[in-house]
Each structure stands twice: as C-alpha cells, then as structure tokens.
Amino acid sequence: MIETVNLHQSYGKTPIIKACDLTLPEGQLIALIGPNGAGKSTLLSLLSRVLNERTGAIYLDGRELKQWSGKELARKLAYLQQSNQYGVHLTVEELVAFGRYPYNRGRQTVADEQIIASAIHKVGLADFKERSIHALSGGQLQRVYLAMVLAQETDYILLDEPLNNLDLKHATQLMNHLTELVQSEKKTVVIVLHDINYAARYADYIVAMKDGQVLRAGSTKEIIQESLLSELYELPIKLVPVEGSYFCYPFT
Amino acid sequence: MKRISVFLLFCILMITSLFVGTHELSIAGLLAGVPEAWMVLVKIRLPRTISLVIAGSIVSLCGKVMQHLLQNKFVAAEAVGLSDSARLGILMVMLFLPNGSVLLRTAVAALFAYLGVLLFLSISRLLPKDNPMMLPLAGVMFGNIIGAVSGFLAYRYQLVQNVSSWLQGNFATITVGQYEWLYLVIPVFFLLYFVTYEITIAGLGEDVARSLGINYGFLRMFVLGLVAFASSIVLLMVGQLPFLGIVVPNMIGIFFGDHLKNNLWLTCFAGSSFLLICDLLARTVIAPYEMPVSVIAGMIGGSLFLGLLFWRQIR
Amino acid sequence: MKVKVGSLFLLSLCAVIAYLTYNTYGNWSFAFALRGRRLLAFGLVAIASSFSTFTLQTMTQNRYLTPGILGLDQLYVLIQTVSFFFVGGIQLLSQETTTMFLLSILATALLGSLLIGFFYQNKGHHLFLLLMAGMICGTMFSSYSTFLQVLMDPNEYDMLQGRLFASFNHIHTQHLLWAAGIILLGSLCLVFLIPELNVLHLGSRQSVSLGIPVPFVHRLLLFLIALLTGTASALVGPTVFLGFVVVTITYQVIPTFRHGWLFLGGTLIAFLLLVFGQFFVEQVFGWTITVNTVIQFLGGLFFISKLILERKKG
C-alpha cells in the first residue's frame, strides 16, 4: 500500500504539489488523471523516489520511502518514465536484462535468463529477442520497456503516460496487459493517463488531480461522474454509457 | 535602469580614460597650456581612448547584428569561425607577403574572415536545429579546425611567438599613425544603421523575411561582409577581445529588450564602456606595467557570460 | 567482438615494436629508454582519456561531450599558477615536487568535479549549456592564469613554465610513476563500477528505478573523470578532443553498450592513434608540429561531421 501524508513539492518558488494526502489501495489498477500541470508526473516521480525533494511523508508498505535502501526499493517498485530514447546499441534481450540488475548487478544466472525470457514472451516479442531496439516500432519498443519492468519482478509498477506514442491498437493492448498483471499476478499498477477514457474503462481506482492537489480519489464508479469530471477539466462533459462502462464526451 | 545612465557611464569612463595612465596628466596642466600635457593628451591618450571607443562599439554592434541575423543569442565573431579565419588570413600575409602594407593585411584578413563565415554557415545548414547551443558550439569547433591549421603553419614557420603576442588584445601599442585605420570601421556603423530595419526582419527567420519582401540572401551576404571587415580590422589593430561581442548585447537585451533599432546606440555605448573599464583596469592593476586587455576582458567577460547562461536558464 | 579487440591488441603490439625499433641508429638502450617512457605515457593517456570520456558520455547520455571541453585542462593550469603565485616558486620547488604534483591533481579533481556537478543539471537540453559553460570556463581560466602569470615574478614564471607546459613533445616523465599509479587506480575504480555504468545508459530516472544511488554515483564518477583527465593533462598537456575522437571511432568499431569492451577497445584505439600520431609528427612532419595540434584538427573535424551525420539521420 502506498500512502502520502501532507506531501508538498516545489520547483524553485513554484509549488507543484500541495498538501497531498493519499492512500492507494493494493492489487488494483490505479489511474492518475487531471489537466496539464496538475502534478501527476511529479507525484509519480515522488512515489518512485526518482524525485526526492519534498516535505511530507510517503509510506510504502508502512515504511517511509526515504528509509528504503536503493536495492530494496528496486525490488519492490519499478518506474517507467515517459519517453525513452537510447542512442546505445541494445538488443531486446539486453534491454530487458537490465530489469534484473537489482538482483544480480549485471551477473546473469540461469534463473535470470528464464525470467527475462518469460517477460519477453509475456509481451509477445519472443521472436524479436535478438533484434536491435532501433529496428522496432514505437509500439514494440514500449512493450520491450514493459518487459524490462516485468523482469524486475516488483509488486508495484509505476508508469508515466505509457500510452503517449501508441496507436489505438497498441494502447489497448498495453492496457489489457496491465489489467492482466493486476488480476493474475496481484500487482499494483499506478499509471498516469491523459485520456480519461482509458481510465474510465480499465482503472479500478482513480486519483483526480488539479493544480497540485487531489481533487478526489476513489473507485472508478465514484470518480467517473459528470459533475466531478467537468470540474476537473473545466469543461462540460457528458457521460455516454457504453458496454457497461462510460465514454466521456466533452462538449463546448 | 535608464538608458541615459549608460550614456553617462560612457562619458565618465571616456574622460577617466583620458586622464589615467603612466604619464602625469591633469586638467590644470592642460588649462595652463603645458606642452607636455597636451602632447600626452593628443598623441597618447586621445588615440587610445578613441580606439577603445570605436573597437568596443563596433565589436558589440557586430555581435548584436549577428545575433539577430542568425537568430541565436550566443553568437558573435568568435563563435562562427570569423576570428580564427581572420587569423589564418593574417598568418598567410605574414608568410607570403611579409612586407605588405596595413591595407593589404586588412584586406586579406577580411577576405579570409568572410570566406570562413560563409563556409561555416553553409555547414551550419546541416546542423540539427533543436538546440540553440548547437550553433555557437559548432562555430567554436569550426574555429578550432581553422585554428589547428593556423597553429600548424605558425609552428612550422616559427611564427608562434609572433602570432600569439600580437593576438593579445593590447591597446598599449596604439600610437598616432597606426590607429587611424580603425576609422575605417566608421562607415560600417552607418551602413549597418541603414539596414537595421531589414536586419530586424531577417531576425524573424528566412521565410518570414522573404515573404515580407526582403532580399534575404543579399542582405545576409552584405551584413556578414561588413561584420567580417570590421572584425578583421579590430583584430589586426587591437588583437583579440574575447566575449565582448556576445556578452554586451545580451546584457543590453536583458535590461532594455531586444529591439534592434532602439538599442543600437545603447549597445555601442555599452560596448565601449565595457572595453573602457577593462582597459582602465589593464592600465592600473600593475602600473606602470600593463596587463593585456584581452586578459581582463576574458576574466570579466567570461564570468559575465557564465552568469548570463545560467540566469537565462533559471528563468 | 573478441576478434576485433584481439586484432586491435595485436596491432598495438606491432606499433609498440615498430616505434621502439625504427631509426635507432644503433643507440638501442638510449632509444628504448626514451621511447619506452614515451610509450608508457601514451598508454596512460590512452587509458585516462578513453575511460573518462566513455564515462562522461554515458553519465550525461550525450555523445558530444569530452572532459577536455569542460575546461579541465585549463583548470589544472590555473591551479598550478595560483599555487605558484601565492606560495612562491622557490618554496614550491624546494619541496617535494611530487607532493605538489599530487596536490594539484587532487585539487583539479575536486574543484573540477564540483564545478561540473554544479553546472550539470539533470534535464536534457541543459546539457549543451554545460558544454558552452565548459568552453567559456576554458577561455576564462586561461585568462585568469595569464593574469597571474603576468603579475608574478619573472623568475617564478620561468619555473612555472618549465613545470606547466607539457606537450606530447615534452612529456613530464619525472612524474610518470605517480601518474601511472593515479591513472591505474582511477581506472580500476571505474572498472569496478562497470555494471552501474551499463545501467546508466538508460538515464538517471530509470537507474534510480533499478536501485542505483544516482546522485552519489554521479559525484563519484565526476571525481574520477576529473582525476583521470587532470593527470593526463599534467603529463602531456591538454588533449581536448582525443577522448571524443577515440570514443566516436570505438562505438563504430565495437557497437555495444557494455563498458568492459568499450574501455578495452577504446584504450587500444587511443593508444594506436597516439603512436601513429607521434610517428607522423616525428617522421613525416619532422617535429614541426605536435600531436596536440593533430588531435585538435581531427577532433574539430570529427565533431562537425558527427553533428551533420546525426542530422541527416534524424
């Protein structure tokens, strides 16, 4: 479980996160939504300790984040940033192998190889194992990163806008992958989303952020409400029921 | 900060420059008609001060003009390979026409500088444009290549001593009969002033300029030619003045905005003031000896430039 | 991979033998001693520049950087000048010159890493800011040094000159052993950190996610880079672009992310470049230029070509 208590973060004199109190449930797909500049990515960075300057407390499984050692944390929580462009020569396998670093510091064992192979298989890229990452499409590359995160075998997976460069098919595929991770492997996935429709359809729990503060956090049902969403995005939104879920339709 | 204060600073500095130095000079002496006093004034101080003023203004003006033309805040003569090309030209003259007149040297240096800049600019078309630092960076690299060629020639023909001592910016050697060549840059001032409007438009980008009816290609060649000419003369007469062309226009831009025409004279006065300050320090720090002004300019200019870089980033 | 590195090694061996034996005019022992020392210096510089440049580029995720461009060489000169100026030449020289040597290098490493760390902020495009700042610092430090040099007592200046102006034609071999010790120690530390360096290819955020204490590692790496670069500079003078040229070539020849291979291959390629360069300087140009000039020329060419090629690709 991840908890924040009175979290504040500023960039110079500008506050980015103000008085954030959150309790994120375990074993669910959690979406962070909100308008631009709401602080979603910053919050994610703080939760993963990629960003460390803040006041207030963050508790992971009951222990303050600052007290976790780097290695311990790496085995518990994995973070994937928004955009990744590497100039270095890497094959799919080599990139995914990085996910095992917290366990083997580069020295691969047979067990590691199996985990890597299984992760690559899970994202459907088993045939591309030896291929250079520069020869992959955007969607395939994103899946390789996901495989790397899977190979890290953590309970928590934090993804910052992973759907950004993906087309409809690949974005849907990725969300399906994530749902499966939560359901069959009981992982907790926290994901920053720009498109609220993906949140509405796939998330179990949603945190709606605005101006650095949590507007509202709760189950999908609680958050996907016309009044709340309209307030969040400052735009009238109509909810259209579709196949048991809702489609958010903004209108001017 | 008011514009008038820059002008006042300039006047104060200019007067100070006339009276500071190894020889005694006082207003009383001048008024009393002491012949030595007048000689010092006319033959030493005045030429020196005038060259400082001219050199300071033209270098910062050229810097500002280049910044507008190339749409990049961090360029000036040294960042586009101008200085290094000019140096190569001068070296060539030293090697092949050692008895050439000053006019010849200037012409050759200016020609090399001009060709160097054009070469660099054609290369720069191929550079990635996403980062403004690319251009000055590549310019310095380009300068390095040319510098290596010059260095090779200098080493080979044993001109190293010559070249480096001569490139040290030094106003101590300015004497009557020599410095008048600096007056050649005065027409450049006026020509540039003439085309300020066009340069401002050019600063908006090639496409915009063309669509507004400016003959972009010709303008660029013309302006660069003027800049090459002026920079070569200053280089020949005075030596190298690091950072001046970049720092002063940027500081004016920060305090007074970037409009070219409005700030033209301001840039000139500021440039002269900066150089006057550096030279005053150069004269007084180890009096009666002199520190080369390029050293002082390097120290102050460098620190200012660094401050600039980081201030812009923090904003 | 192994084949390539193996052949590089053989080539280096040939180069060593060739350089030691040609044109000795019968004066074997003398030539051996002189050239042997020079080759050792080349080897050390090859290690130092290759290791430090790869590390810097990985750390900053940028292929245009080289430690020399950050003004480290000029910083070393400035520190030497400052110590001469304030402590006094005679006093300095009467003391253990080795101690002064070591202290100056340490000071360069500390100050250098602090400065770079200060200017380098972990956000993509500010990298070029660091480059520009480095170049400015280079010129600026030179100016400060010249300032002090002009001010100081001419006798002290003479001593300083003798101490300072190393070049490939004038290698400070009296410190060779100490330099060797420092460079080997520094590179050993880097070898130990190879797994971390490999991960750093992914960027600092992902590295944190994978458990690396990035700020600490960065500071340590910067210190080692400054240490290696400073020592090499003290031995043979500034070699601003050597690292850049070597790394660019190495990545072409050995396309991998693994620093183990990169370090090894890079060192061998650097060594080869230096030996051939020196050979050219001696035999073809008759000592009329220095290897430093050759490197400067090549380096500028490489840099611009790389910029252009990347643009065409992207």
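Letters are used for the chains, namely A, B and C, taken in the order the chains are written, and counting of residues starts over at 1 for each.
In the analysis below, a contact is a pair of C-beta atoms (placed from the backbone, for glycine too) under 8 Å apart; a residue touches a chain by one contact, two chains touch by 3 or more.
Predicted model, so just to flag it, every value in this text is computed and none were measured.
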Which two chains meet at the most C-beta pairs?
B-C
Suppose chain centres are the mean of their C-alpha atoms. Which chain sits farthest from chain B?
A
Find the most central chain, measuring centrality by the gap between its CA centroid and the centroid of all protein CA atoms shown.
C
Just curious, how far off is chain B from chain A if you go by their C-alpha centres, in Å?
54
Between chain A and chain C, what is the gap in Å from one C-alpha centre to the other?
42
Counting in whole Å, what is the centre-to-centre distance of chain B and chain C, each centre being its mean C-alpha position?
33
Given the complex with chain B, which residues does chain C contribute to the contact?
64, 119, 125-126, 128-129, 131-133, 135-137, 139-140, 142-144, 146-147, 150-151, 241, 285, 288-290, 293-294, 296-297, 299-301, 303-304, 307-308, 310-312, 314
Using the touch rule from the top, collect the residues of chain B that touch chain C in their complex.
74, 123, 126-128, 130-131, 133-134, 136-138, 140-142, 144-145, 147-149, 151-152, 155-156, 242-243, 285-286, 289, 291-292, 294-299, 301-303, 305-306, 309-310, 313
Chain C to chain A touching residues, read off their complex:
61, 63, 194-195, 198-199, 201-203, 205-206, 208-213, 251, 255-257
Residue numbers on chain A that touch chain C, as the complex places them
45, 48-50, 70-71, 73-75, 77-81, 84, 86-90, 94, 98-99, 101-102, 105-107, 152
